[in-house]
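Have a look at the structure below, then the notes.
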Amino acid sequence: FNTASAEEKFIVVQSTTSTQNSGLYDALLPRFTAKSGIEVRVVAVGTGQAIKNAQNCDGDVLLVHAKSAEEKFVAAGHGVSRSDVMYNDFIIVGPASDPAGVAGSNDVKTALANIQRARAPFASRGDDSGTHKKELALWESAGIDLSGASGGWYRETGSGMGATLNVAVGMGAYVMTDRATWIAFGNKAGYGIAVEGDDDMFNQYGVIQVNPKICANVKAELSKTFINWVLSKEGQTAIADFKFNGQQLFFPNAGDKPNS
Amino acid sequence: MPEPISRASHLSVIEAGVKPPAVALHDVVLERRGKALVDGLTLSLSTSGTTVLMGPNGAGKSLTLRLMAGLIAPDEGRVRWNGVETTPSQSVALVFQKPVLLRRSVRANLKHALKTYGVSRIERPRRLEKLLEMGELENLADRPARVLSGGEQQRVALVRALAARPKLLLLDEPTASLDPQATAAIESLIRMAAQNGAKIVLVTHDRGQAQRLADEIVFLNHGQVAEVTPAQRFFDAPQSQEGRDYLDGHLLL
Amino acid sequence: MQDFGAAFGEAFALIAGLDAGLMEIIGLSMRVTFSAVLIACVIGLPLGAVLAVGRFPGRHILVVLVSALMGLPPVVVGLAVYLMLSAAGPLGVLQLLYTPTAMIIAQAILVTPIIASLTRQVIDDLHGEYDELLRSMGANRVGMIATLLWDARYSLLTAALAGLGRALAEVGAVMIVGGNINHVTRVMTTAIALETSKGALALALGLGIILVGLSILVNAGLMGLRKSAERLAYA
Amino acid sequence: MQDFGAAFGEAFALIAGLDAGLMEIIGLSMRVTFSAVLIACVIGLPLGAVLAVGRFPGRHILVVLVSALMGLPPVVVGLAVYLMLSAAGPLGVLQLLYTPTAMIIAQAILVTPIIASLTRQVIDDLHGEYDELLRSMGANRVGMIATLLWDARYSLLTAALAGLGRALAEVGAVMIVGGNINHVTRVMTTAIALETSKGALALALGLGIILVGLSILVNAGLMGLRKSAERLAYA
Amino acid sequence: MPEPISRASHLSVIEAGVKPPAVALHDVVLERRGKALVDGLTLSLSTSGTTVLMGPNGAGKSLTLRLMAGLIAPDEGRVRWNGVETTPSQSVALVFQKPVLLRRSVRANLKHALKTYGVSRIERPRRLEKLLEMGELENLADRPARVLSGGEQQRVALVRALAARPKLLLLDEPTASLDPQATAAIESLIRMAAQNGAKIVLVTHDRGQAQRLADEIVFLNHGQVAEVTPAQRFFDAPQSQEGRDYLDGHLLL
């Protein structure tokens, strides 16, 4: 397709819908491009698909939020190293009627138990994404067995965060989401945050350079430049500066402890 | 030479007049692509008897039949049936020059016609058998109509029109591809229909057929009426130059 | 490339395993698709015929419109149906959202213009041949349309099959109004989308192969029926 | 219900604002769609005609197969093209993934069976009429197919429009192979999907209304062309 | 009564024999839906002269022409052209009973034919004009062929066949809907083709036409040859019962 050399200076970032839908990249990337002259092309898909695409060498950088899967990716040699970039948190949102009576809680385990007891509808992403895995872990730590509930009050939507929010709103179900997606979400329809602030609901994003030794087509220099910038003071400030309706969505935490 | 046959009723257009004409065209003009194909045609046909339209290829005979069936509307002038402007479609039947048959068996074609003509469900089987018999189609009844031979198709189209028991029966060269026996059979069907009071308008290039069936001849040329003459007189002494030329062409062979 | 091989392996394993979950999904896919195409035929066939035969003001505009609606984006149809059926929407009381019925409605909306538009073309062609005959017989509009639809039935099967293909393959609309809820509204295409987003590409492809296989079976069946009907016709 | 009103408002504002981003997306949508349909026509028209006219072993199976492929799920096509074009795939060196070219390829694969199958039907019907004549003239297969395609061209437009509709509305395949990258591979349908997942339903619907509007314009244009060509024909 | 016209060459099938026959059918059987439509037909036609096929509707005349054109293959028996089994399609032309015209103008129909018959691009315009003239189609050249009148369409179909300059010209009732003048003109075209060495096989129900053109008459009935007789003799004294009945049917009218 377009082979003009000026346009050759681009990298592909495989990422998740939560970062894209919130508008973070729209705020972040122009700053980077202005400084470096490197265009960043973001492919926003499910976490699993993003990792798979990166494994297939169809990207230079991976920026997702599923720490254990990311570490596996690096351990298998697909990635060079993993660094924390930023975090936010997960929340549970629900309808104003609050059928399970969990609104205002900051104890996620109790809240989940209440939801189960009330058999209040709960929409799960059910797509093996980072968010989904987190949610399953929370149910487990609350000691709740979901087997048999699927298709009843517990509904696995098998789709992305935005789609799952739409479904939840459409049927009046509780749903767990990352805060960034929620704040930027346009179809709130009277929904509000029911559960937030539990330490268990921490959501870490990491960035990984795809390994150029395995993927010859990876633009090692360009992607390193990008990662370095994101982790730099300037990049971290840009993340902190990004606000939606006055609210900060992501909290930079690079350099807290890089792990390889 | 075939003998001229006797006719039960002989009514010329000119002699009629008590009843409104079965069909009348007043100054009809029909244009396609800027050419007047029917060009100021005026003609008025009595309610009974057989009128034969003759004229060279492209004279506008088939178009005139279509106008009489109400299938096409004139660009100028008007067409009237029994004095009124609405097509009495159920009492007019037209047999096209190229038979159009449905993609069905012969039997199904006739069934469809009986249904369309509003024949009651109980009566249909009987009428159907009658039609098959009239067209000598009994052995062909279950064949797909569109694989029939040319002559067989013409017979189907003709009996289908008779299924309507029309008051005005328009026939466009109905025996052009029929063998002599079938031609004779069809001609007697036509004669029968005429005797039962139907008005027949027949297009033919077959002079013998015209002589056998016609009460009057309407000679068309270039989309206009060249002459309207009682049949006997036309073949002895055509009134128009065009009619003379046409008959001469015939004699030339 | 090994993914393709793995896909066939997955497809085979799924079929061989007679997986109950898979059977459930296939069953729902078939039910939703056939219901939607049936509804689309019931509306689209007469509509297409009327567009071909009718002579009323605005016919041309309607023809263009129906043709243009073949390009209705599924996501948009999904959204529109979602907004109608959602609890806050005008039809919310029916509680149809996230049910197979909602999926059938959305697909019928998508497929109807396709069947209507293709029907219009087929009937138009046949009408050119039958028009004068039928009018000369004094057939009314309804009789005319019935005759044309019946005599064109073998050609119209292709229109129905085009609609069927669209419905069978469709994911955008059913995802939104069905929600891809496990055991409730998950069909083949939404399952494929899900496995894709999980990065389980071989499994997704395997499901796709099964879906195409089903499509082949359905097409072979219907075309076989047409063939034998054509042979037995003219009774 | 207010969402619908809002959607029209959004659509109107977007158009009135002559938004540069929107124009870019529309431009790419049109480019991808028309290219894909063009390729599909170049392959599908002759293929359909051969299926209608040819008499070779396996023809029936091929007819069923092409018809069945009208039900190719977009996600599966997207995946298959992705696996071919991926850096790890056999055609990775071409570096076509996440480019408009990849999207055109995927859509062409989806649309070709539709055009081929509908063409087969149209040509089959005409062939019934022309077959004996053309054979009696000693026409060879190529001449025969050329004659049939030319004389059926007005009917075939409907087949092309059906393909166009599918391509215009398609999102599953282009999403996977294009990646919905802003300013590079974002088209109308992927933009709609994105806004939907952001919950910006009115904006998504607004974009959908614009897309349907475009579809109407294209259909009106092509059908208008057909009408005037039909009028001027027979030169 | 028309005068019998003189014939340049008169070759009966039986008299021929030095050259292999232009077309020969050996024991040909053609079945459809379990019925033998052509039922053991054997016939061998010399390379020149005009053979007229006669017989009642449904006798199998049109099917026989199709067999002779190689359009349908026999279920049993075989067809040979000039002694071999391959259809020499470029040197055989068939005018169908129902003219089949392309959805194009008259001119484009003829252009298409010239191209298909392999006439060089340079020669085509000249040949085209010639064909239009032969069919007296100059004024109709730009009309869509399918809106022409029945007779006009037959003329187009005939000159289109002549465009092939065929060695074997098969004509299925080519003048059935022509007016007397056009019939005379077409007959003289046929006679000319015969004089130029083409073998003509003509189907007609028109006894006069048969008498004017035929060298020999082949009478078909129920898909079989009832008799093959030199023309003069056939009309004076048909050899078969079927032939007699047929001619009687004619006289009956």
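Labels for the chains are A, B, C, D and E, by order of writing; each one numbers its residues from 1.
As a working rule, a residue touches a chain if its C-beta (ideal position, glycine included) is under 8 Å from a C-beta of that chain, and two chains touch if they have at least 3 such contacts.
Since this is a predicted model, take the numbers as computed values, not measurements.
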Tell me, which chains sit next to both chain A and chain E? D
Which chains sit in contact with both members of the pair chain B and chain C? none
Counting C-beta pairs in contact, which chain pair ranks first? C-D
For chain C paired with chain D, centre-to-centre distance based on mean C-alpha positions, whole Å: 17
With centres defined as the mean C-alpha position, give me the chain B-chain D separation in Å. 50
For the pair chain D and chain E, the C-alpha centroid-to-centroid distance in angstrom is 48
Among the residues of chain E, which are close enough to touch at least two other chains? 143
Shared interface positions of chain C, touching two or more other chains: 82, 176, 193, 196, 201
Which residues does chain A have that touch at least 2 chains other than itself? 45, 53, 160, 163, 166
All touching chain pairs, where touch follows the definition stated at the start: A-C, A-D, B-C, B-E, C-D, D-E
Quick check on the complex: what are the chain C residues that touch chain D? 1, 3-4, 63-65, 67-76, 79-80, 82-83, 89-90, 113-114, 117-118, 120-122, 124-125, 155, 158, 161-162, 164-166, 168-169, 171-172, 176, 188-189, 192-193, 196, 201, 204-205, 208-209, 211-212, 215-216, 218-220, 223
In the complex with chain A, residue positions of chain C that touch it: 82, 85-88, 97-98, 175-176, 179-184, 186, 190-191, 193-194, 196-201
Residues of chain E touching chain D in their complex? 66, 69, 71, 89-90, 92-94, 96, 100, 102-105, 108, 112-113, 115-117, 142-144, 164
What residues of chain A sit close enough to touch chain D in their complex? 1-2, 12, 17, 20-21, 26, 41-45, 53, 55-58, 160-163, 165-166, 184-188, 215, 217
Complex contact set, residues of chain E against chain B: 1-2, 32-33, 55-58, 61-62, 97-98, 140, 143, 147-152, 155, 172-173, 176-184, 187, 205, 207-208, 212, 246, 249-250, 252-253
